[in-house]
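Below are two complexes that have chain A in common, paired first with chain B and then with chain C.
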Partner chain A sequence: MSRMNARQQAAWEKRKVRRQPERRLVAVEMLFFFSAFLLISLKEKVDFVGLLLAFVVPALIFVATIWMPRFFPADKLLMAIVNFLCALGVLILYSTDGDAGTSRGFQQALYYGLGLIAMLICILLVRYVRRWRVLIWIIAVGALGLIALPLAIGTEINGATNWIRIGSTSLQPSEVVKIALVLILSYFMSRRKLVPWLGFVGLCMGVLMLQKDLGTALIYYCTGLILFYVSTGNLALTGVGLLGAGGAAILGYKMFAHVKRRVAVWRNPWQYYETSGYQIAQVLMAIASGGLLGVGLGLGAPRVIPVYFTDCIFAVICEQFGVIFGILTLVMYAIIIIRGVSTAVSARRGFHALIAMGVTAMLGIQTFIIIGGVLKLIPLTGVTMPFVSYGGTSMVSCMGLIGLLQGVHSLNQDDLSYDYEISRTLAQQAGLQLADE
Partner chain B sequence: MPAEIYEIVALAARFWFLFLMALIVLRSYRWYARERRQRKKRLRLLPDAGYIGEFVVLQGAGDLKEGEVLSVPFEGTLGFVRSNDLCVPVPGVATRHLWFSYDERKGLKLTALGRNDFSVDEKTIGEEPKGLCMVHGSRLYIGECELRLRMFAGYEVGMNPQRMMTADYPPQQWQQAPYPPYGQQGMPCPGMSAYAPGQPYGMNPQQPVYHQPPQPMVGYGPAMPYYPPNGYPPQVGWNQQQWQYQQNWQQAAYAQPHPPAQPMPPQWQPEPFVQPVEEEVITFHPLMEDEDWEEEAYEEENRFAAHDQQRMERYTREPQQPAPQEFYPLETGEDVWPVMPRPDEWRSEGLFDDLLDEDGTDASLPPKSAYVGRDESAWAKRRIWDKYFGGGDAP
Partner chain C sequence: MKQQRFRFRVMAFLLIALLLLAGGYGVYSVSTYGSRWFGSSYNTRYRAAKKTVIPGDILDRNGVVLATADEEGKRTYPTGWHTRSAMVHVVGDQDGNVSNTVDSFQASYLWGFETTLEERIEALRTGEKRRGDNVTLTVDSTLQTNIAAAFANLENSKGKAGAAVVMNYKTGEVLALLSVPTFDPLGSMDAVKDDPQHPFWNRAVQSVQAPGSTFKIITAVSTLQNLADAETHLFDCSTGATMIMDQIIRDYGYEHHGMITLEKAFQVSCNNSFAQAALLIGDKNLKKTAEAFGFNDNFLFRDLVVENSRYPTQNRNDFEVAWSGAGQSQVAATPLHMCMVAAAIANDGVMMEPRLLMKVNSPAGVQRLGFTSKVYSQACTPELAAKVEGYMKNVVTKGTGKAAAVEGLSIAGKTGSAEGSIDGRYVTHAWFVGYIDDPAYPYAVSVFVEEGASGGKAAAPIAHEIFGWLTGQ
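Take a look at the complex of A and B:
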């Protein structure tokens, strides 16, 4: 290094910046989406929206992964993976828009931008709010009011009364309440206040049961149970909770006809191909037709699958890009979960650790429920695939959850840097040098 | 683009997209693995990261011995069983006795779980049911044991110096103390530091204290800290911890009954050169009989060669006796005399190293700890390491 002249030194520094892992990863992601949107936009005639997305989506990835973390010590790897999944959702939705005449791809790109704003707000919330005592009660009351709102003014979509319509747009409050649920449960468990914790979970579950939103209820229940076990370490009571869930499932199977029908379809969808088994049969056929490498971007027949743009979007991914691509997508979800657990373990406050664990559990359970349902591992339940499925509420909710996780991670980094700085100063004073300097 | 051409291009592009996806996942995984290694390395450099201080057992009971150190995390439970964040296996301590949490303004706040009783300094939890706060130097009386809190650098809080000092020394002494004004710098913990004035704060590699008797203390009592000029409070930090542990070890070692004096071990010394007896040696040099100087040279050469040979044989026959480097510590076994890594060995212990790299070999090692013996905090750190960071060989 000492023999380099100024020009070589500058080139060396430039090369070092270029070889940073986040830049290398983001460069590949940007190349992926630029080429994919370019290909789609040239499918029949030159589509200027597609060309616009070919530049806007990579720019969003760059801004969210490289530029935003300059303001706080965020987890750039998590950011890069989440942005990739969001952009993948935009791409898939845009590729299925052509023949149908819809504009879900473009709308999803807008939701992606909204999600980034929600993520930023949640990061700031975790980083800078120190006194949660009053705020958490306000959030709890607001969340309960919001989740109960569809009972009064809600509309029924796909059998569940969990939507409210505001003007020309519709909103699913139970998705937004997910962020509040993680915050509230984490706060009360970290303060060892079991009564408000139990009361909030019970009220939410009751309202969701009244709305017949079983998928969201399952996510809430499992998240609460995991947070309870992580916080208390009480295996016996957690086992009781699991047994209670099993008992409730059996009771629901005995009592409700639609639960019975769903289980029957899950066991043999081909028997009910004409009626209730049509969706899962089409999903399985789409995955099989895609094979290992897929039928090609923009090809295939994804629109024959009912609600292909929300619940069954993983089948569309497998059909167009192949099963190998689908497996690699699952690997990315696995990395998100591992990073979330790592963030939770590294947190120094119980509240922050429980927030990170709650976010990880919620995203992991949601991913498992929808992917398992699409792959016929478990009965298919109507929840969205995080970051990928179409829907503004889902996107904002998932990005908000990631914002909570990023906030905890940034606090961990702050604490570690503080310790390191003190040790480095004292080591310098003693005439020693730390190893990584 | 015509549909047929698009289909061909899309079919070809499958491989391109699959390649890019594989590259993304591969780079993500490599990035993840690299950060994991770096994190392990950083945690090894900062074995006390995540702790705000430690409890020193001033009066032990049961399985908790006097002099043991319990590292204190930011928050958690203190109780009798090991599932607590702080395990105090002492009679009189409940299974889950109290909840503690660190507050940046108040210090370590202790709240009773149930109706359990404890006291901090002169206050009991019954007097203040909302909780008692501990600062640097506060004493916790719980069950049959007495613990004292030592907070790490950077985690001290505003405290009441008068209350602390009066708890240890009469007012006429602490009022005349040559300390910097309290509140302006980190509060020393009376009775916990033993530094001579002028002694560099932290480690002093040029003056390894384990070969030296304790430094004479000036002023009054043992509380005579040296304040670093860097603005950081003196009582904490990783290096300071190492120094403090070394001090604790040294004091504990000197508190033990001194082992009986032993004579200096036998030392090998070369035998003095003895002039061999001159003997008449008749040598025959048929070709050079007349050259006396040749004969004398030959004789002289043989004489020294024989002597060298004798020396070498003697040297190899006799057992090797290592030259004693220092009289202290006596080689009486590690269990009798605790071994503390000296600062010049810290490099080989992995505490400091310029050559640490991201090759994974160093990252697989567990964090080294300079704790002496099998203390509780080392055990707790070991468990955390084994449980969450992959474990490894025993440090």
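Take a look at the complex of A and C:
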């Protein structure tokens, strides 16, 4: 740098700006959400919450994708996509609020902000914490305590005892523990400490089973299995794990009437329309009503779908924006997976690589379970759609996971620029000039 | 480390493949079942659209308006009492009591869900209530009204429930789709609701009944396919009864026919012979032929929601197989499907998909969509179809279906008297399926009379009337 004159310096800066195509993407994103919120808030009578959101949501996107990355190297494409999904959730929730008297859109905007803070904390955690040995045990004990808490003081919601109430707000500890799970499993696996690894997974699964939270248990199990496979490469044991899960599923089907009924409902929801098939039938009708291009933002009848704001929010997206948009949403999740795995591949340390892979696996599996369920590919299990579904804990956990990923990415970038500096110094010593200058 | 990176990529591939699988399945199922989900009577969305959209008209093939709407968007039925009652199961009623009618199944057109963006903007500009598309059907309301009258007036079907289907066997166009009893869509529904004959039920597509001897068309095809000496083999009906597994197969009225060929057995509708034929060719072959004719298939016709027909696959023993040859023992089909079976024989073994929609026009009169005929399946070879056609002609000229014959027309047909049960009561339903073998009148007919006792006596006379009207006699 020191050899550059002022003119060269200016050209270099300009080039740096031009090299950020994400800026354009983010600009389009912000414009999209600004106009969308404006559209709904001015539809009948002026709604000030909507007007506020029209500025707040693009501002949050700006903060996350343009401002935050100034302080550390971030994966901006990943950031732009994740923020799009978060903002999409706020938008859908706000549009379904309408005259229903709920204010989920505004709530979700707050959660979105909270999620960004969680993301920042996780980035800092991965980026600056160097000594995990003691910390990881503290996290493990804390996580186990947290996940078991609902058994002691929990409330039952929709058949699963996985919520705790603090004052007027409710919390789902198993969501937050996801972050800890990825950290703990990656740490123990990268140190080849199988006993605490298995112990933690086993305890978590046991607690989740006791809480009858099958969807989350499935996510935990699959994440654990994937991490086990990628770090050991032991296909035989992974196969045993898969068979065990399959066996457990068959056993559960044979033993429990409600599992049987859920499978029957999955196979033909219309037959059980009056009872347990109602939800999926409504989901299918909503998707079919949207057609290819959707009925339009704020239109349609999304509120007839049970839990349209969490589990079935994908159906609302498909109804309002159409099947094509729904598929594009899936593509966004696919890009998240690609970015996550490429971060894992370029990580220099085993621990970081496994963190990135664990985050990717967890988000990928969760997305598949809920979207596959909504599209009737697999039986519908109540888990949230990452980034989009209504809920503070879900938002915090998903953004926290992305924070871990961004932290690993920033370390990778640091390593890369360190390499670059070294090669530059070496080249200078040898009297060569690097092609990039 | 390198291997680990490879495994990372494998997992990325796997996860993305899972997501794409979900997306692909979603696209597939929406494109296959989407209109069925949307048209479901449970879907409240088009009821919501009723506030903002005036539904389009439903017309028959000759342009007769069967259903329209007033300025409020409320459905009215401008035809006379006879016609609107006869057409109610096709068109629908205001309260949606009949399921999967044109009014609900074609809701995406009728309620304007298919209108283009320009049309929506135009409607916004003029400030008028948006209008849905007009749907023209392939049915002939005059013909269907006449059939309803014949059903009500002929001695052996008077007061009985049943169904009649007429379709063009070359194109699959449905000309009549009648379910009896009918009811007036403008009348009071209270009495209709409690009627023990369940008038809301569209028997033509929803009543899955044992086809009885009409199924012998399929058994005959299968026998000709699978038995080398099928045409010369003599079946034993010298006593009028066959013992299988200590149980007895008997003919209608304990008739006995002696030693007879397949052709003769078909003509006199001999259960013993067809039971023996079914055992000779075996359950597997008979099932295969039945499935070629659409049994056990998941019917996903574009214009019609039809209950699936069954050829049983469980609890099979010789006695059951033998009765299956005569269209009993859990074999079941709808009147529409049996009409398709006859139509396939008429159309050289090619079964056409039944069609109910002729065209959809925008409110401005521009044709939005025209519909084309589609082959459903190649049920059997043209040679086999020709042979069975000969058998079916014998039935009408000198066999059990003489009542269906019309002077000067070459008619093929098969009667059926199927044993079934209503509320635990054993009853005999009457069937007739047949067609006119004449390129100028390519029509197949299926008549089903609940508790009609004898196909030849209750169902064939109605078919006789239908053939007459179709040819203008």
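The definition used in the following text is that the second predicted complex is superposed on the first by the 418 of 437 C-alpha atoms of A that agree within 3 Å, B and C clash if a C-alpha of one lies under 4 Å from a C-alpha of the other, contacts with A are read in each partner's own complex, and residues count from 1 in each chain.
The definition used in the following text is that contacts are C-beta pairs under 8 Å (C-beta built on N, C-alpha and C of every residue); 3 or more make two chains touch, one makes a residue touch a chain.
Not measured: the values here are computed from a predicted model.
Chemist: In the three-chain superposition, say which chain, chain B or chain C, touches more residues of chain A.
Modeler: B
Chemist: In the superposed arrangement, which partner chain does A:345 touch: chain B (first), chain C (second), both, or neither?
Modeler: both
Chemist: Does the superposition put A:233 against chain B (first), chain C (second), both, or neither?
Modeler: After superposing on A, A:233 lies in contact with both chain B and chain C.
Chemist: Which of the two partners, first being chain B and second being chain C, lies in contact with A:21: first, second, both, or neither?
Modeler: first
Chemist: What is the contact status of A:337 with respect to chain B (first) and chain C (second): first, second, both, or neither?
Modeler: A:337 contacts chain C only, not chain B.
Chemist: In the superposed arrangement, does A:372 touch chain B (first), chain C (second), both or neither?
Modeler: Second partner only, chain C.
Chemist: Per the contact definition in the header, classify A:323: touching chain B only (first), chain C only (second), both, or neither.
Modeler: The second partner, chain C, only.
Chemist: Can A:307 be said to touch chain B (first), chain C (second), both, or neither?
Modeler: A:307: touches no partner chain.
Chemist: In the overlaid three-chain picture, which partner chain does A:44 touch, first (chain B) or second (chain C), both, or neither?
Modeler: Only chain B is touched by A:44; chain C is not.
Chemist: For chain A, which residues belong to both interfaces, chain B and chain C?
Modeler: On chain A, the overlap between the chain B and chain C contacts is residues 233, 338, 345, 350.
Chemist: Please give the residue numbers of chain A that touch chain B in the complex, ascending.
Modeler: 21-22, 24-25, 28-29, 31-32, 35-36, 39, 42-44, 77, 80-81, 84, 190, 192, 233, 293-294, 296-299, 321-322, 324-325, 328-329, 331-332, 335, 338-339, 342, 345-346, 348-350, 415-416, 418-420, 422-423, 425-427, 429-436
Chemist: For the complex, give me every residue of chain B touching chain A.
Modeler: Contact set of chain B toward chain A: 1, 3, 6-7, 9-11, 13-18, 20-25, 27-32, 34-36, 38-39, 41-42, 45-46, 48-50, 73-76, 83, 99, 153-154, 200-205, 228, 230, 232, 236-240, 352-354, 356, 388.
Chemist: What does chain C use to touch chain A in their complex?
Modeler: 1, 3-5, 7-9, 11-12, 15-16, 18-23, 25-27, 29-30, 33-38, 40, 42-45, 48, 108, 113
Chemist: Tell me, which parts of chain A touch chain C in their complex?
Modeler: 226, 229-231, 233, 270, 273, 281-282, 284-285, 287-289, 291, 300-301, 304, 323, 326-327, 330, 333-334, 337-338, 340-341, 344-345, 350, 353, 357, 360-361, 364-365, 367-368, 371-372, 375-377
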